[in-house]
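Here's the structure, in structure tokens; my notes come after.
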Amino acid sequence: MQEQAFIIEKDQLFSWLEKLQQEFLLIGPKKQEEGGGVAFLPIKSVQELDLNYTLTMMGPQIYLYPPEETICTVWRKDDGGFEVRMREEVPRQVLFAVRSCDLQAILVLDKVFLRPGLEDRNYRLWRENTLLIGLHCSSIHPQCFCASMGSGPFFEPRQGYDLLLTDLGQIGYLAETLGERASSLLAALKAQPATQTHFDQKRQIGHYLLTQFQKSIDTTHLVEVLLKNQDHPVWSQTADQRCLSCTNCTKVCPTCFCYNTKDTVSFDLVRCERTRYKDSCQELHFAQVHGANFRSTRSSRLRQFVTHKLATWVEQFGCFGCVGCGRCMSWCPTGIDLTQMAKEIMVSEGLYDRRRQT
Amino acid sequence: MLVKKKKLRLGVFKYSCCAGCEFELIYFQKYIRETFDNVDIIYFRMAKSGGSEEGPFDLVLIDGAITEAWQVDQLKRVRQVARFLLPIGSCAVNGGIPAIKNHTSELDMEKRVYQDITHVHSIKTHPVDDYVQVDGYIKGCPMGRKDLYEAFTSLLLGKRPSFVNYSVCVECKIKGNTCVLISYGWPCMGPVTNGGCGALCPSYNRACYACWGPMEDANAPALARQFEKMGLAPDDIFRRFTQYGSTKPEFRRGAELYGSTTQPF
Amino acid sequence: MDRQPNPFNSKTISIDYLARTEGESGLMVKIAEGGDVQEIKLKIFEPPRFFEGFLVGRKYSEAGDIVSRICGICPISHLTTSLQAVEDAMGIMPSPQTRRLRRLMCVSQVVASHIIHLYMFVLPDYFGYPGFAEMMPEFKKETDYLLAMKEAVNNVAEKIGGRPLNPVSMVVNGFTKLPDRETMLSLAEGIRAVLPMAYETAMMMSRLPYPDLETEGEFAALRKEASGEEERGEYAFNEGRLVSSGGLNLDIHDYFAAFCEQEQGYAQAKKSFLKTGNTYMSGALARVNLKFDQLHDETKKLAQEIGFSRPDRNPFHNNLAQALEIYDGMLESIRLLSEIDPKKEVPSVDIRAGEGVAITEAPRGLLMHRYVIDRRGVIEEANLITPTSQNFANIERDLHLLAARYGQSDDHEALRLKCEQLIRAYDPCFSCSVH
Amino acid sequence: MDNPHYRVACLLDVQPETEDTSSYLFVLEDGGDFQFSPGQFNMLGLPGTEEAAISFSSLAAAGSGRFTHTIRRVGNVTRLIGELEIGQRVMVRGPFGRGWPIEQAVGCDVLLVAGGLGLAPLRPFLLYMLENRGQIRNLVLIFGARTLDDMIFQIDLARWQEQDEISTIYCVDHLTRESNLRLRTGLVTRFMDGLDLDPRNTLACICGPEIMMRFVARNLALQGYRQDRIYLSMERRMRCGTAHCGHCQIGAKFVCQDGPVFSYPDIARFADTAL
């Protein structure tokens, strides 16, 4: 694995991106026409990029795992057989300026969809055709708590991305490459190699950012405490009073991977398109089987979401399912905050001092 | 081998409504040819003269809410000869707009419109499933084409259709719409409203007004209380939960927090 | 020996349920043996939904969404009328752009409604089919025309309004979202592509064997005269003065000075009359008769080609007038789509108490909404008078004429068909009429 | 291997079991081999109906590409499979999941408890045990159904009750008519005392409605059977079979990959089950 670090001037980087656009579809943070929020959208000109964003509603993962996509098309042949056509190719794309939490979320999705022997075809196609460029945050949103979840503000794992950028102000970007693909693409740039000073600067920015968090959660005993408190009143109270089962939390969550499939047949019944769409455990029918629904109550569904992200995920995949991006609470119509629920349980276990709650 | 298709014997019955859903059916966008190729219209007054209401029917679509007693009688007869019966559109599914009158006394309501009310035979507005068992709902105002397509192709294939049963929010997220409730503080009914419209209103910069009616098991009281926190007056909250689908317990529970949903005669 | 006509030995046409119209109605025609018409009753048994009743107590901002559910075919007319009545009550003058976009929406809806009416409701009568579905296998070209034209005009309402039925972008004082210029131009292209089909449609309609009849009522319509530099006023749909062939020329606010409404024991709809006691006809034929000069030149030429001469008093020719309006509406849509370059405007409202009236031309005729609104924007009074109520009295009067004229010569079946054809020619909407 | 991976199978034979249940014998159309172990399942589907997870009710026959599913016609997929004629095709993905812990049976008593259609996934396990009878000690089958007419595999049942290699207890809720099967009346839990089994050294495998498994497992635990040797097969909404779609998750487990056969303690610690 090839690891290199360069200093790239900002103009240089943008012109490099423009060149990349000849081969790749560029996707990056862009201010939306309506509402003024920033979203990951296809970029026509690099001027459209908004690199100071803190939070997008939908993570860049929607370009690796689309909320709706076709898995295959099946034809009924005249001889009674079936012809199954899988998706063969996807466009080549660059995901630019992905924050640390979202890089972590992509690692999580990799664990789900690229498990050896059980690879998901579509996800692999998207992933292989995507150049992933990270950009570290330069400010912290009040809802962010990535530091608590170990997924930010700087991205530590040396895996998953192609290029990782840190904004060093006037000096430009510290660019750390991973793997052959990014190195060869950057070769044309003839950028200066980074020095220890630059890494020191990066570390300083990291230290500064760590002081900016307004939200945190202590994860030391989180897993066992949550698993122990499956019947805690916080579940039913929050569910009854505030949870709408609208599924927004799961739809915006960058690690939520559940999907459902749906067949659409043509009127002549010959052609069938099998699509999958991101499903949600908050939806009433999610755990419906013939004759029973294992999570028919709203509180059991809410508990499933929180305990999965913060507890059972660890046993499943060896990491938290929550990357601390704060999306679920930001886009919850009633502002349900999973860290608050977890803290309430910890308080009742005597593990958390109420006064320390933020 | 191709699936052997039989033409569906179709009946369409109209009760109290604007007939927009029937209209939607006779002009089922690109699929009108396929639709008419695959059905035998047995009874559909808006599209065909004559026709018998005796059935039997493979598929009966009910358009409109029940507001008069004769409709109940006919509906029950039709149910007996229908293999599959689906209410189409908000009026039939949840009372729709005609159910707004349920929150005023029936007599007052009639007197506002007619001087002589002796020829009026209205009862309170009821959705179809208050009287007969139904095999699903094609929601929408007018009914959603996606669900209509699903109903036809499923029945041709011989399986039960599966209709959209998630909230409008899901479609907003798929489209990447700015959330009008959170970003603008508008009282959007999307979180408790059944999806299928493609998050139409939020995509057009306005708050969802719940024209598809409640999503199953929606927690309307929680949203109603959120509206109160956002500064809406009680009567405004009441109106939002009674414009559509207040015959359904989901919305009624939201409305009841801010007004009376039951009225004496 | 000459047998004296026995008044009790009458011929009765009784239709329990009139098919291929919007909404529910039946018909009863009784003709004495001698040919005297004894009784005509258009029994509109569409159940009342009490819109005028439950609008009371609702917010001004809801009114448009609620009333658009009066009618599944002309929701845009109800919506536009409602918005304009609210604006009238609050003293709001929408921007020229808003007014033009509304006009575009209304034109597209009139065209769409006429297309469906002619193809799906009218044609089966003249070709002897129970419905259009049964015609489709034989009439492939007509089916193609129907689908292509409807799609092109529906696209306009869908792109601008969100959906063709019950659009969502139209609100008090504006549009919540505007299409971009590219969309407008591509919509114009779409309509241009089907324009020849509209021409063909008019030709086809002109060849149908319409019964002879002359209505005795007046024609009433909304008319807007040319102002300033305009060569001719626009063929009014949403704005203008009330005019009639009887010489009426009124501000819309004076509607009640000239028109009145009566309840009928046998019908859930009310019947409108002129205060003079005369009946009147509104809708496509009335519009074309009263505003022929304001049609596009191409339409006038088409009118000549299909032999339409005005004033045309045959109510069956309402179908011809509709065909002309389809063609003219497409020309007008193309003009508006090519001209309007939508600029962002935020629809803002200062809520004020007041009384407001609006009258528009729905596909089937004049549509009046009147509201009284309190200072919080809550509706205190609502009065809606729909096209079919306006035409109700004249339909029955025409049926009377028809029965008198053909009652002796036609057999039962032929007369029944003529009665149905006459009612359908008016394109009545019983859902609207009762509401 | 990339997922999903669809194969096409052809219907060879249908054996009616009860009024709404039949056993369907399929063969892979690509001529390939199909290896699977008792307790595993396939995703069966037809274009237009999505898919349903169905356990194998036969033992794999090496090199034949043949497999049997015993299916009750209750849902979209199963009803349409029920309408298939011999020679028609289905789409197949599989085999998926972890089956019964065959290796643990060696040297032990084996108890099988089945309710209704739950006998289908246990049948290949039982057939395997009978083929390898020498490796285990006592073998007991308790099978319950609502009535005699709800009992599947009646030919097998009749044979097993006469075989010395296996002790059988068949019970029904209501005795409706006579048959050659020796039937008792009552729920399966009524017949679980005094079995000729060594609680400390018994592998217990349970399959049936979740509520039945709950009481059987609890009953066994109370009788002193080793809980970690009680196994049950969970029915969940499995959509993908490859632990991607998330529908079948219970706690940290994916039923389609970690199951459908689980040990009792594994399942009992999670919420959202009847256990």
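Observations, loosely collected:
Note that the chains take the letters A, B, C and D in the order they are written out, and that residue 1 is the start of every chain.
The working rule: contacts are C-beta pairs under 8 Å (C-beta built on N, C-alpha and C of every residue); 3 or more make two chains touch, one makes a residue touch a chain.
Here the structure is a predicted model, which means the values were calculated and not measured.
The minimum number of touch steps linking subunit A to subunit B comes to 1.
Chain centre most remote from that of subunit D: C (centre = mean of CA atoms).
If you tally contacting C-beta pairs for each pair of chains, B-C comes out on top.
Distance from per-chain Cα centroids to the pooled protein Cα centroid is smallest for B. The centroid of the Cα atoms in subunit C and the matching centroid in subunit D are 66 Å apart. Separating the CA-averaged centres of subunit B and subunit D is a span of 42 Å. Centre-to-centre, using mean CA coordinates, subunit A is 39 Å away from subunit D.
For the pair subunit A and subunit C, the distance between mean C-alpha positions equals 53 Å.
Among all residues of subunit A, those that touch two or more other chains are 76, 80, 262, 265, 269. Multi-chain contact residues of subunit D (touching two or more other chains): 48-49, 87-88. Annotation for subunit C: no residues touch two or more other chains.
According to the touch criterion at the top of this document, the contacting chain pairs are A-B, A-D, B-C, B-D. For subunit D in complex with subunit B, the residues that touch the partner chain are 48-49, 76, 79-80, 83, 87-88. Taken in their complex, subunit B has these residues touching subunit C: 14-24, 26-27, 29-30, 32-33, 36, 41, 44-51, 67-68, 71, 96-98, 100-101, 103-104, 108-110, 112-116, 118-122, 141-142, 197, 200-201, 203-206, 209, 211, 236, 239, 243. Contact residues on subunit B toward subunit D in their complex (touch as defined above): 1, 153-154, 157-160. By the touch criterion stated above, subunit D contacts subunit A in their complex at residues 1-4, 6, 8, 29, 47-51, 74-75, 87-89, 91, 210, 235-237, 239-240, 242-247, 249-252, 254, 257, 269, 271-273.
Of all the residues in subunit B, the ones that touch subunit A in their complex are 1-3, 5, 31, 34-35, 37-38, 149-150, 152-153, 156-157, 162, 165-167, 169-170, 173-174, 176-184, 188, 190-192, 205, 215-219, 222-223, 225-226.
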